[in-house]
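Scroll down for the structure; my scribbles are underneath it.
Chain lettering (A, B, C and D) follows the sequence in which the chains are written, and residue indices restart at 1 in each chain.
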Amino acid sequence: MSSVYLVLPVVLPIVGGALMPILHLPDKKRNLLLEILVLLTSAIALLCVYRRPEAGFTLFHLTGNLDFALRLDGLGSVFTCLIAILWPLSTLYAFEYMRHEERTTSFFAFYTMTYGVTMGIAMAENLVTMYLFYELLTLVSVYLVMHPMTKKAIRASRTYLYYSIGGAAFAFISLIFVIVFGDTTDFILGGVLNMEKIGNNVSTMLFVYLLSFWGFGVKAAVFPFQGWLPKASVAPTPVTALLHAVAVVKSGAFALMRLTYYCFGPDFIRGTWVHFAVMSIAMLSIIYGSTMAVKETHFKRRLAFSTISNLSYIVLALTMMSPLGLLAGISHLVFHAVMKIGSFFSAGAILHQSKKEYVDELDGLAKKMPFVFTVFTLCGLSLIGIPLFAGFVSKWNIAAAAMEVGEQYPYAYMAVMVLLYSALMTAVYILTVAIRAWFPDRGKELHSNEKITDPNWEMKLPLGLFAITVLVFGVCSEPLMQVFRAVVQGTF
Amino acid sequence: MTAMYLFLAAMLLPMLSGLFLLFFQGKLKNRTLKCILIFLVMALTAGLTVRLMCFEDYQLVLWHLTDKLDILVRMDNMTRLFAGMTVTAWTLGGVFAFEYMKHEEKEDRYFGFYLIVMGVLIGLDHAGNLITLYLFFELMTLSSLPLVLHTLTHDAVMAGLKYLFYSVAGAFLALFGIFYLYAHGAGLPFCEGGYLMVLDAYSGSGKMTLLVLMLMIVGFGTKAGMFPLHGWLPTAHPVAPAPASAVLSGIITKSGVLAIIRVVFYTVGADVLRGSWVQYTWMTLALITVFMGSMMAYKEQVLKKRLAYSTVSQVSYILFGLSVLNQDGMVGALSHFVFHSVVKDCLFLVAGVIIYKTGKKTVKELTGIGKEMPITMWCFTLVSITLVGIPPTSGFISKWYLAEGSLQTGIGGYAWFGPVVLLLSAMLTAGYLLPISIQSFFPGEGYHYQELRKKEPNLLMLIPMLLFTAAAVVFGMFPGRFLGFLQMTAADVIR
Amino acid sequence: MGPNLWANIDEVAAVILFGIGFTTLLLHKNMIKKIIGLNIMDTAVYLFLAAMGYVDNRLAPIVENGVTDVDAYINPIPSGLVLTGIVVSVSVTALMLSLTIRLYRKYHSLDLDEILIRMQKEELT
Amino acid sequence: MNLARNFVENFPCFSIVLCMVAGILSTPIKGNHAKRITLLVVILVTCMSAATFLYVVSTGTSFVYTMGKYPAPWGNEIRAGVLETMLATVFSLVMLFSLLGGMDHVFKDIPEEKINLYFILVDLLLSSLLAIIYTNDLFTGYVFVEINTIAACGMIMIRKIGRSLVAATRYMVMSLIGSGLFLIGLAMLYDITGHLLMENAHLVMNQLVQEGKYSVPLLVIISFITVGLAIKSGLYPFHSWMPDAYGYSTVSSSSILSSLVSKSYIILLIKIFYRVIGFDNIVNSKIVDVLFVFGLAGMVMGSVGAIMAKDIYRMIAFSSVAQIGYVYMGIGLETEAGMVAAIFHILTHAITKSLLFLAAKGLNNVSGRKRVFYALQGSAFRNPLAGVAFLVGSLSMVGIPMLSGFISKLLFATAALGAAREKVLITLIVLAVSTILNAIYFLHTVVRIYTPVHVPEEFKNVHVRVSKGAALAVFSLICMNFILGLLSQPITDLIQVGIAMFA
């Protein structure tokens, strides 16, 4: 199909969201309209992936050899599908969750615009376009963080803003270098750097890669720039779930993939000091995230920390600088999205139904809301990486990649160790919650008299779907893996 | 093909019925009926398993998890041995529980998970390659957790968590090894004597492999309560309901042993280890555990805890037997596996009976209890003797083989040091078991015979105990065919 | 260096003057002194220009009794510049003075620091 | 046709004169009429400059317009190339919009009887700006620099509050020091070259350099001129007067001052670099590196000052310190690309800064004219247009793609890669850092003005209706911002052409 259609998934939500506040609709109508809009967008996006236009579509010419252009390649399609499938579900969930909040219209306006912008990141044809949408993503999603409008939320949103803009500022440097030292800014698997042009600037180039790794990594919450993520979990759950488990942070990881495998090229970095530097960064953030998660008693913040560590799984996989690594990265990108959004939504459902935020308040709650906790436990087991759950597959891939690289650079064995350490930590911080909920100590069931029930279908549906997905992919992930392999080989 | 369906049936039947039981907790009011149903399920499963054991050796790929990972089941002597032991012990423990669980709450939950674990264990025993093994290993940990913390006292929950995290940690240590071995072509099904040596993917990475093996032994050893990761066992076993703790230390600890066997003798091959630092470390750890376990047991006053410590030491007998890496050691290990399971089940059941009937927990209180429940205590005494290893009981045989094995190794120190430690700990065993029965039968002065009244439990409880005891004794008397089977097994595992 | 210096004595004097004026304008706190410094500075520049344009024993570039020979006169352009410059500096000085007056009216002081302090005080109240 | 040519060639000089005449006319009449005249004049000037611009672009060569009857090398000339005309056009446009946008405040802030004086000053300022841009004669340059200073100072002090007086004084002193240095520099230049017209001076200069004569005086001259103009344009260490001067004069003045006046000196400097001394000579004398260092320092310190600032005007003023730092950094890169970037940034900043000042004023109005940040809480909802304007301005300053700021950042960075090796990374990193700092203070304010809660009670239901003129001004400034951001290619090309014409 013609490449013009690529514009729709990006523009529709942005425009639609922007219009929302203008036409003052009653909530019911608005929700219906939004859901339709989102579904339509997703449909178009999936269609675009299904009948993929080879050519890109140039929105307009910026300057020199820079244009804003959209194009779907393998990696982009994967990310697009991920978002296109997850967004409608979480919108549905959001309706129920936000029912009693204020300023819902503006919330949903930005929520939808974020959809479009994320699509833009997924479909960006070149570094400049991605940079543009990357900045925009910050700007549109910052409102969502500050939406509760408490002092805390506003402070959190500011932190988020500074971190992201700062990151972008450093990413910008790499943009320049790629413009000058690359053949093109388009994403080409294997990198676009031109060795003649670089000449004797290799060391500078590597340093720049490190800078921009951190720059884009800020959104992926790599150490030491992870600070904003736990803070941002003051936001409403649909936001924390979607943005801080899928859209924003995954865009960070996605950007890193683009930067590493499609701009600088793994061969350029493999074996240099930077290679090990980034590997260590990833490991550090994994250790940090999972350890802090154990320490944290606020449920959502605990999940946020877990997100930090899990994102760095993806990053760690990338830093293997090998096709297998990219494969592992992609698979964890997808699977983690599903299971983390699942666990976040369970947390949100618990918060919404029982107003309980802290882990030690959850004793025996599972008896009251078995459905939610079943979902949570399943997602949790998947996070730990128990076989037959999706998480295991992606972790297996990461470890396999690390083992392969380890042949050449034994440092990579460390990566596997770190992986297992954090798996153990994950077990600790997830299962303590689950066990508290299912098997409370005698006399600790505080909830015998409280009226707490499972939420209504709008919340249940997404939760159930996520749980099922986790199981299904855990048991038969092969078809998906074949697609990913194709992506990695550039044959998709 | 039939084998496949039979296996699936044997595995899924208890699992599904367990899940069923969980979903409809307390719906089934008629207790007798429920118990009968549960018994039927267990019996049927046992039957199916036995039927499977009668097949020729086979391998079946159940499912392709990914392109490299297959879920694969396999029937060989090791499977027969472990599966057979499992179903027997499990069924008897279940029968005992029918009576015992009367004084616990939420028995439906207990039985539900009990059945699920049974299914998982059958899967574990049939596991045909590393990843399948790991899969069922994890599932076993998770599903047996509720058995541990069933009573939901604070201690129980904490103990449960401890059990969980130790096991998971161990499993992850092992997982590292699995990752590594897979990267070197260990994706194939098990085969006697191991196959990794012959693969060319393996060539050249000797050192790393040894390290990895050490990790895996320690990791899987966690379940078997091997030093240094034994800490969970004395905490977790006693807090569980008696039948649960019986199967926990009777069967589940052995799954660690099975895993190690599968890795060392069926994947890597004993030759890789023989004479390496790993073997020495392994032996040392085993011996340390043996001695330490019995020491602790000797010092311990709470009966169930004492038994738990004894488990720690006894299971390490088995590990020691494996670590010597020769046929006699293997035979000793396997036989001790069987005997110890039988004995330890029985002992825990006895402890359970005592708690159930009198609520007495510590050893001190047991003075003269033999008068009140003679049959029970006779079982206790007999199996204790077995465990100590006084001829002609079964324990003697296994320990004999173990000693033989360790002497054959011809590794200077260990050759004689091993048997010495075994002997020592045998004495300690005598020291911590026999006095109980002595004082229970001969309370001596100050025991008020007038208050004496019979507290013998009913048949549901007696029969399992008696059967176990019988088994322990009979094996000791006529070990011939059984040992032959073991020797055959050992022979094609270690060439 | 010596004779060379002597030859350009006017320029040297101009530069020194310029320095004096410059520092006065820059460093003195008192408005009036600043203005004086400004004027010294400008004058120095004019001196410089004039000295530059002056050629020995020639007339000022004003046509007298019909002598139209260019060699009779000095270079007219510097003089022109000086004139323009004077105009500029006068206007600037005027502006500065008016500023000073205003400031004095408002804060009753000519010392710039003093004025700053009073200003802040005033804003606080 | 040919006649039309000659006619167009009169425009530059004519527009300068026109402004002056307008100033003289406005003397006796009342404020309102003065206002009309001024606006009319500014519009006319804009049109004429645009016409000249088109004309020059079409012919592709610059032209020289001799004033008075003396030919070179004596007389007094005006030169119009692509760059000059383009700058003239943009400047007069910005001037127009700043006036429109701030008009009602002009009438509020300034005492009735002084208003016509204000407009006289504006006319004077415009004329001097144009003169500085167009002039081909160093001394004329100096004279108009002074006039410019006087006019600017007048525009600051015309508002009768203490701070603006003091600010005016400090501004005056600083710029007098600057112009003093500039003047002595000129005098010496004249001394060794004997010319005031740029071409002729340039010829002699090259000759001298080839013969290697007067190397020391040459260095002195360059440094005097550069430092003098740098001081006048408020390069980092000499910026102390800026915050007050911009922060406390009426909004039109501050936007005009910050976006045009200080830039005009930079333009003159660039012009002298290229057309008198020759860029190679400049590069050889290490003076530019000094500019580079101070520029970098300014980029950071300005932003830091802005973060420290207690009220929104001072914040914006400090940010212009940083922006001037950018420009000098660009010049200091010693490459043509850097120069292009610098000039482009002059345009960007001219547009964005005036926009920001107008927006700030609008927000401040609905916040009880309090000079404190918390008063601005949620003000964007009380004055939407100003809110949007501030948003766009800030984003442009932070360098979000599609806005002009991003392009100049892009140009600077790309230029940096072409520069000397030791300058590359430091430049890029300082760019990144100052971007972060910009983000910190601008976006902090944006978040604040768009926060609908914790709004001070007294402003809960303040609403302001913006006059059409102001709306138009703000709107068109926003548009210009986007145009620069999206269609930058032709503009940069033109700038390159212009610089080429300089030589």
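One rule holds for everything that comes next: a residue touches a chain if its C-beta (ideal position, glycine included) is under 8 Å from a C-beta of that chain, and two chains touch if they have at least 3 such contacts.
Computed from a predicted structure; not experimentally measured.
Asks: What whole-number Å value describes the gap between the mean CA coordinates of chain A and chain D?
Replies: 44
Asks: Could you grab the centroid distance between chain A and chain C? Build each centroid from C-alpha atoms only and quote it in angstrom.
Replies: 68
Asks: So how far apart, in whole Å, are chain B and chain C when each is placed at the average of its C-alpha atoms?
Replies: Roughly 105 Å separates the two chain centres.
Asks: Provide the C-alpha centroid distance between chain C and chain D, rounded to the nearest whole angstrom.
Replies: The answer is 27 Å.
Asks: With chains as vertices joined when they touch, what's the shape: line, ring, star, complete or other?
Replies: Its topology is that of a line.
Asks: Which chain pairs here would you call touching?
Replies: A-B, A-D, C-D
Asks: Using the touch rule from the top, collect the residues of chain D that touch chain C in their complex.
Replies: Its residues touching chain C are 74, 139, 142-143, 146-147, 149-150, 153-154, 157, 162-163, 165-166, 168-170, 172-173, 176-177, 180-181, 183-184, 187-188, 190-191, 196.
Asks: Applying the document's contact rule, which stretches of chain B touch chain A when the two form their complex?
Replies: Going through chain B, the ones touching chain A are 63-69, 131, 134-135, 138-139, 142, 145-146, 149, 152-154, 157, 160-161, 164-165, 168-169, 172-173, 175-176, 179-180, 182-183, 208.
Asks: Considering only the defined contacts, which chain C positions touch chain D in the complex?
Replies: Touching chain D from chain C are residues 11, 15, 18, 21-22, 25-26, 31, 34, 38, 41-42, 44-45, 48-49, 52, 77-78, 81, 84-85, 88, 91-92, 95-96, 99-100, 102-103, 106-107, 112, 115-116, 119, 122-123.
Asks: Give the list of chain D residues in touch with chain A in this complex.
Replies: By the definition above, chain D touches chain A via 395, 398-402, 407, 409-410, 413-414, 416-417, 424-425, 428-429, 431-433, 435-436, 439-440, 443-444, 447, 450-454, 486, 488-489, 492.
Asks: Under the stated contact criterion, what part of chain A meets chain B in this complex?
Replies: Touch list, chain A to chain B: 381, 384, 386-388, 393, 396, 399-400, 402-404, 406-407, 413, 416-417, 420-421, 423-424, 427-428, 431-432, 435, 439-442, 475-478, 481.
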